[in-house]
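All remarks here apply to the structure that follows.
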Amino acid sequence: MSELGFSKSEMMIAAAARELATARVCFVGVGLPNIAVNLAKRTVAPDLEMVYEAGVFGARPARLPLSIGDPTIVTGATAVVSMFELFGYYLQRGLVDVGFLGAAQIDRFGNINTTVIGDYERPRTRLPGSGGACEIAINAREVFVIMRQSKRSFVDRIDFRTSPGNLGGAEQSEAIRRAGGWNGRGPSVVVTDLGIWHFDDTGEMRLDSLHPGATLEEVRATIAWEPKVSADLQTTPPPTAEELRLVREELDPGGIYTK
Amino acid sequence: MSELGFSKSEMMIAAAARELATARVCFVGVGLPNIAVNLAKRTVAPDLEMVYEAGVFGARPARLPLSIGDPTIVTGATAVVSMFELFGYYLQRGLVDVGFLGAAQIDRFGNINTTVIGDYERPRTRLPGSGGACEIAINAREVFVIMRQSKRSFVDRIDFRTSPGNLGGAEQSEAIRRAGGWNGRGPSVVVTDLGIWHFDDTGEMRLDSLHPGATLEEVRATIAWEPKVSADLQTTPPPTAEELRLVREELDPGGIYTK
Amino acid sequence: MTGKVTSMRDAVAALVRDGDTVAIEGFTHLIGFSAGHEIVRQRKRDLVLARMTPDVIYDQMIAGGVARKLIFSWLGNPGVGGLNAIRRRIEPASLAGEPPLEIEEYSHFGMVARYTAGATNLPFMPLRSYFESDLPKANPLIRPIKSPYSDEVLYCVPPLNPDVAIIHAQRADASGDTQIWGLLGCQKEAAFAADRVIVVVEELVDESVVRADPNRTVIPGLIVDAVVVEPFGAHPSYVQGAYDRDNRFYLDWDPISRDEDKVQAWLREWVYDLPDRAAYVEKLGAERIASLRPGPAPSGSVDYGSYR
Amino acid sequence: MTGKVTSMRDAVAALVRDGDTVAIEGFTHLIGFSAGHEIVRQRKRDLVLARMTPDVIYDQMIAGGVARKLIFSWLGNPGVGGLNAIRRRIEPASLAGEPPLEIEEYSHFGMVARYTAGATNLPFMPLRSYFESDLPKANPLIRPIKSPYSDEVLYCVPPLNPDVAIIHAQRADASGDTQIWGLLGCQKEAAFAADRVIVVVEELVDESVVRADPNRTVIPGLIVDAVVVEPFGAHPSYVQGAYDRDNRFYLDWDPISRDEDKVQAWLREWVYDLPDRAAYVEKLGAERIASLRPGPAPSGSVDYGSYR
């Protein structure tokens, strides 16, 4: 907890949740996306339909799901289907507006690695792998990313491209996505513990908002390239009392995500 | 009704049912196959699992199903599934022992037409078409056919090959089925109103049993080619009292199939 | 609890357009007769009608002049005989100079695979059928495809994405979250494949009923444009647990359908001259309807557990 | 009511053979821990373990030395962190000269598509994934395929047909007719794809219970070789309506799994030194088990109708 009365993680989760204000159908990834989307559902987006890759459409979890396959996402849901149908009829059919992902490494164009650090055959660190991320990145209409910044995570070149972002830039990405008939337009926002990044016309991420207490020096110190910063850089409004109450009392009372 | 105390259709249905004595899983076609398989289930094959293309495995109809999608095949069944699963997971996976089909035209090698009489583009008579017959003929381990004999149905050359039988003969059929990875070995029996035909080593049908009251002259008069007749031609045992009771009182009290 | 609930008249007027590809699915079970009749009543034209088993409803619709083309896999009056009004539009001997109904023909699994490709946004779906059959010659959209893992060649079919799918069901809530039990046919696939979806139900229920058993949901409201509440809308077909197939109707249709004048008279009496399904049900009579009620056979309840 | 009912010991001894490809499926829900432990206890060897999310059960099995290869799509302790015993068999820095665990990696939809191809007896299944990803480079079994209807190229995966699939479920009858509610994962596909199937259930029921609700049946006895009745056999994962995920166990596993000695000590205490699941449940204690019981949330009953 900082002097501001909220932690960096709490700010990150609140900022990520607010980005979902206009989304209708969101595919919820494991970890931080899970808590951010559940916060959005309780605040800015009460009509948000949550899709869990485990096979749930229209979840209404009575508690924060402990994993993306928690029984609380089933009880009271609109529909429970096989994973073939979830990935085929919902995601691949183009019914998902936002895919919300975490990442171990990301590059300036929003390409994501969740597979290995180091060489694939002889990895320094073996990460979980794709799960549904690869097809979410391709088939969700847009992709939101939530992750903490560090020189090890915001890298010049990711060690393995698990899930495509804007590839080598917007022009190439748009051409390939159009030619290949992808549903997805690619990543549109990255929310970190320091700020909010959107993607500019070249397909590169640009810092549009800095969280209260964070500095541009901190941003530059936790990113491997010289970042683009908006000429009209905003300060993210701090978490509201209600957002903090929901995170602390309902969604993460154990402080697993917000420590 | 003949002097024998039973009709030709009753004899045909009883003879067809008996052929199922050793079958375990049978895919039930519309029409005559439906009543024959239901009779088998009540007599020689109480453990027979009936598969209906409408999406039912393990049907236990309390009455003769009026169609192959009757609600009585659902109530009390083992499993009801989508038609994608029925055709994919059951039939195409190779779980069906016997596919039981009817036909409008058949040739000496058991190739079947249920599509058109005449030219496809300008048909003299438009028939129902394949339904599931094409994939049943290919994927059921073996195929039983039940149909009445006539010069118009037992033809030298079928007008349209809806469902493959032994193609141009056993040698060709075995080669093509093996090379193509078909589940099915092809047709093994044709039960008619006059007798029971099996397929010999050349893949051509051979009359192995003549129903009581039927004559070889009648057989030759209702078939467009010179038929093979077994050197050891049998006489089909007449319908038992129990078979007749089941058909007349339980399965077809209206006489729709047995008139 | 209004949500997407509307009348059949408004749903068909707003969502079915001349020239559309329309799929009324339901394999022997839950056939959308009331929707089909409304399409005839509104004199829609040039439709491409898709359906695995055209059944009596498409015989009536095609007699009503709404269609220019039929996509199907089995053309019959199940358990009775042929579909004579459709046959008159196909067999040259009975065409009398009129252009024939265009047909595009598959096997059952081919039709199911087409809807599945449509529902999953795939450009093709492979299947083990059509080997050594004349069907690929009759329909060049059935094409061979080679496996990338061996020399094996099988067949495939292209996606079928109807402009409108119309699905009859036991129940839905006002958002269109729809549940079906009994035969499922290819309704889920057809609905997900379609651009617009009309759900017609026997019963409108609160969303709590649907959410109490989410595994029973076949179609989510997400893809549903209109919910029409029309009890007995599937007559003369049936609704598992609600009413039986009216076999007498299917038998009676056979002689009617053999005579074009009788068909048109039937359409006048039962479709054009009636305002809606409620009037049809009233005309059918309480006695006939009562004769179709099955006895009870409850599924029993399972426990999903409350996790707070 | 004996039928296919047998003990876990006999089922695993008879149906799981050294060198087999074994799929214990269940996506976060209904994970077959008791079956996995029995495979460790019987010291099976050289297995190819397939599972979308290897989870703690495969961390334990691989620590138990049963596997030579892993086929998967997401390798983690969900909501907690990594699977450390497996990582020690993959990361060169911790291998200490031993041969690494062979891996074959997909995305989730890729694994689902592999089982679906296996269940439908197709030589490949196309999907819209892997575009511009490094996964096809890492796994040459993920291959491009061109549509026969356009110039479009997508990817496909080959079928996965396990020698044995092991499925945990709420209930089955003695013939193996099995029902599941809640998350269905890819269990149906894995079971139909497999040559042999072991079903492990919380409750053995009369066939009349299954047949009262045939739409709820996920796996028919037709493809089931053995039915094992082991309440709490999915602990520490959960069974919808019966018990909750034991999250404490997943958290506790993390520090244990970071230390090979602690892992082996855990396996001795909870697997090798116990005869069966009943002993495990007893050792776990009534209090812990009671703490995992959810409140009630009944599905309600629907009517299938009696048609005679």
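Letters A, B, C and D mark the chains in the order given here, with residues in each chain numbered from 1 onward.
As a working rule, a contact is a pair of C-beta atoms (placed from the backbone, for glycine too) under 8 Å apart; a residue touches a chain by one contact, two chains touch by 3 or more.
Computed from a predicted model, the values in this text were never measured in an experiment.
A comparison of the A-D and B-D interfaces places the larger number of contacting C-beta pairs at A-D. On a Cα centroid basis, the chain most remote from chain A in this structure is B. Chain D has its Cα centroid 28 Å from the Cα centroid of chain A. Chain C has its Cα centroid 41 Å from the Cα centroid of chain A.
The centroid of the Cα atoms in chain A and the matching centroid in chain B are 58 Å apart.
In chain D, 121-122, 127-128, 152, 154, 181-182, 184, 188-189, 212, 215, 240-241, 244, 294, 297, 304-308 are the positions where the chain touches two or more neighbouring chains simultaneously. With touch defined as above, residues shared between interfaces to two or more other chains in chain A number as follows: 56, 70-71, 74-76, 80, 88, 92, 183. You'll find the chains touch as A-C, A-D, B-C, B-D, C-D. Across the complex, chain C is touched by residues 30-31, 53-56, 66-71, 74-76, 80-84, 87-88, 91-92, 115, 120, 122-135, 138-139, 160-164, 167, 176, 180-183, 256 of chain B.
Residues 121-128, 143-145, 147-150, 152, 154, 156, 158, 170, 181-182, 184, 209, 212-213, 215-216, 240-242, 244, 294-308 of chain D are the ones touching chain C in the complex. Within the complex, the chain B residues that touch chain D are 25, 49, 56-58, 60, 62-63, 70-72, 74-80, 85, 88-89, 92-95, 183. Those residues of chain D lying in contact with chain B across their complex are 119-122, 177, 188-189, 192, 210-212, 214-215, 217, 220-223, 304-308. If you check the complex, the residues on chain C that touch chain B are 27-29, 52-53, 72-76, 78-79, 82, 86-87, 90-93, 105-109, 112-113, 116, 127-135, 138, 152-153, 181-186, 188-189, 238, 240, 244-245, 247, 294, 297.
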